[in-house]
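If you scroll down you'll find the structure; I have some questions about it.
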Amino acid sequence: MNIIPEITRESITHIINENKRVDGRALDEYRNIEVENNVISKAEGSARVKIGKTQVIVGVKPTIGEPFGDKPNLGVLMTNAEMLPMADPKFEPGPPSEASVELARVVDRAIRESEIVDLERLCIKEGKKVWMLFIDLHIIDFDGNLFDAATLAVVSALSTTKLPKATFENNEVILNEEETENLVLREKVAMSTFVKIGDKMVLDPALDEESILKARISVGITESGKICAMQKGGDEPLSRENILESVEIAYSKNKELISKLNGY
Amino acid sequence: MIHVNDKDFVVPGQILAEDDFYSGRGTYKDQKNVISSLTGRISLRNKKISVIPLKSKYVPKRGDVVIGEVSDVRFSLWELDLNSPYSGILPASEVFGREKKDLNRVFKVGDVLFLKVVDVDEVKKVKLGLKGRGMGKFRGGLLVDIAPTKVPRLIGKKGSMINMIKDKTQCKIVVGQNGLVWIRGDNEMEVITKNIIKLIEENAHTSGLTNRIRDELYLRVDGEIPPEFNEELEPEYNSQIEEINNLESNYSQDNQDNQDNFINENLESNTLVNDSNGEDSIADNNSNNNIIIAKETIVEEEIINNGPLYDEEGLENPQFQDFKSEVELEIQQETSTNGDDNEDNISKNKNDVDIINNRNNNINNNINKNTNENYNNEYLSTNNDSDKIASLNDLENLNKFTKKKNNEKNDGIPKIKPVTKKGSFFDNYKNIKKSSKD
Amino acid sequence: MVVIITNNETKKGRDDNRAFDELRPMKIEAGVLERADGSAYLEVGGNKILVAVYGPRESYIRRLLKPNTGVIRCRYNMAPFSVGDRKRPGPDRRSNEISKITAEALRPALLLENYPRSMVDVFIEVIEAEGGTRCAGITAASVALADAGIPMKDLVVACAAGKVNDEVVLDLSEYEDKDGQADVPVAIMPRNGEITLLQSDGNLDKEEFSQALDLAIEGCKKISEIQKEALVSKYGG
């Protein structure tokens, strides 16, 4: 059904107001999370993440390019997300929607601000040649909560990315495919997303919960405990308490999420 | 020469049989071969081979009872999502009379309704109606979505499965043939019921399901598995299981008769109102459709006697709402207009409202006199839904007769023109009118 | 990895040591996605293809609908990370062409008369590519359509043959595709052998073309078994 029926909205809200959820989880409980690395051999880094039935594949492809003018000694990260039409009957083929642009930018913010990738090390020749990492998110199945799945997938893909050794000689970049080096990550980052239903903040919304949300907040926290990204979504407001409560729970969930990454 | 057995799993393009076998649903004939067109299981009945699909979308058929969600409100109709490639429309005339109100106040986007598929044309445009037992808007409760092909399994032979669940969980359950199910009861029971229904869907193809579901039910509701059933009941279940395994093969779209039979058998267990009235067994007529008609009879009777039939908490049917003031206004207007080609003009005398109210008492008597055959003629007229009998209430619902005939221009406003077919409700009216003049 | 055939050795072994009529190992899985009505995942050689089917369903693109039958719409897309040099996201001319011929390859098999004014959407996503993605896409799409319960006359299956080192061979790998002399993708309805897709890219004489066609059809028939197996192992039990 394209529009969520009033009855369903009421029944889900009712259950949540009693601190229970349709699938039996606690309000601050994640669904089953699976993280798999190196799933695409053509990509220098890749990962697949499932949270519940939501499924995301990320591929990292490096190319050589020119740095930004104002940051001549830093490599470049570009994050793109595609909410594929196969993932949900309502997703349409075409240029990226607002939602997919938002997803890409929020995840990018979490990666960039956490400085998980040392961009200086991606510099080959200052002012001339740097590594540009293209991070492409492919959403293949949508069952709620793309932000958390996407962030996990991106971090996981980056942590297993191998770049060919690059040297700059005679005004040219020489790539040695035989010698690859792992991308060094300074620390990992994970994101937790909450939706407001009724008066409660609910972690890791499943599809039905996400479709009746009043508001949403995603909190990205690094391994060392810094908040590096935050995004509020939805048409209705959140209270200060809602936000602080979410941050609190996000902190407590951070270890659990990061441990999924370290599984590899 | 047949290459497969009953219940074998097949895929599209697989050759099933040759020569003198008939091609049923899910198959096609190519020269002398019967070939599968679906992924599913073989159903072999005599020489007819069908393939019951594992997955399929619901395609609306006339006479089906479905649950739909209002997806759009337009000038004179509601558009409904039926969980199907085809959406349906519910004309405003199903609810309103001449004085059309704001449609949005009756049903708005997001409301969930229990409806009947009135008609489906060749390009599958679907027309829906609310005239049926227990039809209208659902309040509260929750919705479950199952594959339409599993609906027979959920209902069970003569409602055995669904009634077992209803009894144990004390929930109201309404099953739409389009695979949507509405449940209402205690919160915990609602969840249990929903999970049980999902379990049935997943295991629909297995045998011994009724017993296993029974155990699950008791386990989840009471916390323990019930003691062994006594001998007498078990054989009954076993034979029901056998029947149920055959049910899906009966659920064949090109086998109209089977389906009607099936639906009618299960409609009893499918409605909101509990069948405590022994007179339901008026349905001892032979014709399938008479069973539906018989129920209509009971509906009308009870409405006249006791007011609305439905359970107010769970369901509201706006067609039974109070339109008295509108009606009086209509009578006023009508008295000043020409009768057109009305054979039976509404009486110019306002007192007729009372007379017509009194008529209700006569109707009680007359309903039983009217044979089901008449109702058949009225109800089953396929081309012209303006011949449909509206609820036989007092004048408040007179405007139900104001359906346009097929060849009349549809300006969206029903005219007050009583249906004047032979054997119709209005014959009684004629008699009364005559007597009032005497 | 790439093996460079020097001029010293004139043996005509294929780079991955396959016989001329040997298919790359293939696996197909049906029903892999949650939201789609039907889905399939296919791996052949280094290819990884994911196909999702939605339908029959309503479409708001009225001009595509037909009053007496359902219609099919295909979208073939390659993920940016699916190839050696990153591919820009979004459709390009090649994807456009492949989407069209895929739809045309599948359409003859569809039986959509009972679903007028409806649409069946097929979304083919190449998440890793290694030669022969369009054939793999069609093969996987048939499984996904069957998984979704779409009525079909047959499971369309596709395979490519070509000419490499003057020899007509079956199921070109990426290297063979790039450095070969001809590439002939073919799709058939296996039961009666009717051809629903045929392209030819390269130089072949009449004899070679005929050989390639036959070889491809043979390959298709073998792959057809794998398609059926995918559905049986998912649902047949």
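When the chains are written out, they are named A, B and C in that same order, and each has its own residue count from 1.
Everything that follows uses one rule, which is that contacts are C-beta pairs under 8 Å (C-beta built on N, C-alpha and C of every residue); 3 or more make two chains touch, one makes a residue touch a chain.
Bear in mind that the values here come from a model prediction, so they are computed numbers and not experimental data.
Between A-B and B-C, flag the pair that has more C-beta pairs in contact.
B-C
What chain lies farthest away from subunit A once each centre is taken as the mean of the Cα atoms?
Most remote chain from subunit A, centroid-wise, comes out as B.
Whole-Å distance, subunit A centre to subunit C centre, using C-alpha means?
Distance between chain centres: 32 Å.
So how far apart, in whole Å, are subunit A and subunit B when each is placed at the average of its C-alpha atoms?
That gives a centre separation of 48 Å.
For subunit B and subunit C, what's the span in angstrom between their mean Cα positions?
Chain centres of subunit B and subunit C, defined by C-alpha means, are spaced 45 Å apart.
Can you list every residue of subunit C that touches 2 or more other chains, as numbers and ranges?
Those would be 57.
What residues in subunit B touch two or more of the other chains?
Residues of subunit B touching two or more partner chains: there are none.
By the touch rule stated above, which residues of subunit A touch at least two different other chains?
In subunit A, no residue touches two or more other chains.
For a test of understanding, state which residues of subunit C touch subunit B in their complex under the given definition.
Residues 37-38, 55-58, 67-68, 70, 109, 111, 114-118, 146-149, 151-155, 189-192, 227-228, 231-232, 235-236 of subunit C touch subunit B in their complex.
Which positions of subunit B touch subunit C when the two form their complex?
Per the touch definition, subunit B meets subunit C at residues 9, 11-15, 26, 28, 30, 35, 37-40, 53-57, 59, 85-87, 122-124.
Can you list the residues on subunit A that touch subunit B in the complex?
1-11, 14-15, 18, 22
Using the touch definition from the top, list the residues of subunit B that touch subunit A in their complex.
Contact set of subunit B toward subunit A: 69, 71, 81, 83, 109-112, 138-143, 145, 182, 187, 190-191.
What part of subunit A is in contact with subunit C in the complex they form?
Residues 40-43, 46, 53, 55, 57, 59-61, 63, 80, 82, 84-89, 93, 95, 134, 136, 138, 140-143 of subunit A touch subunit C in their complex.
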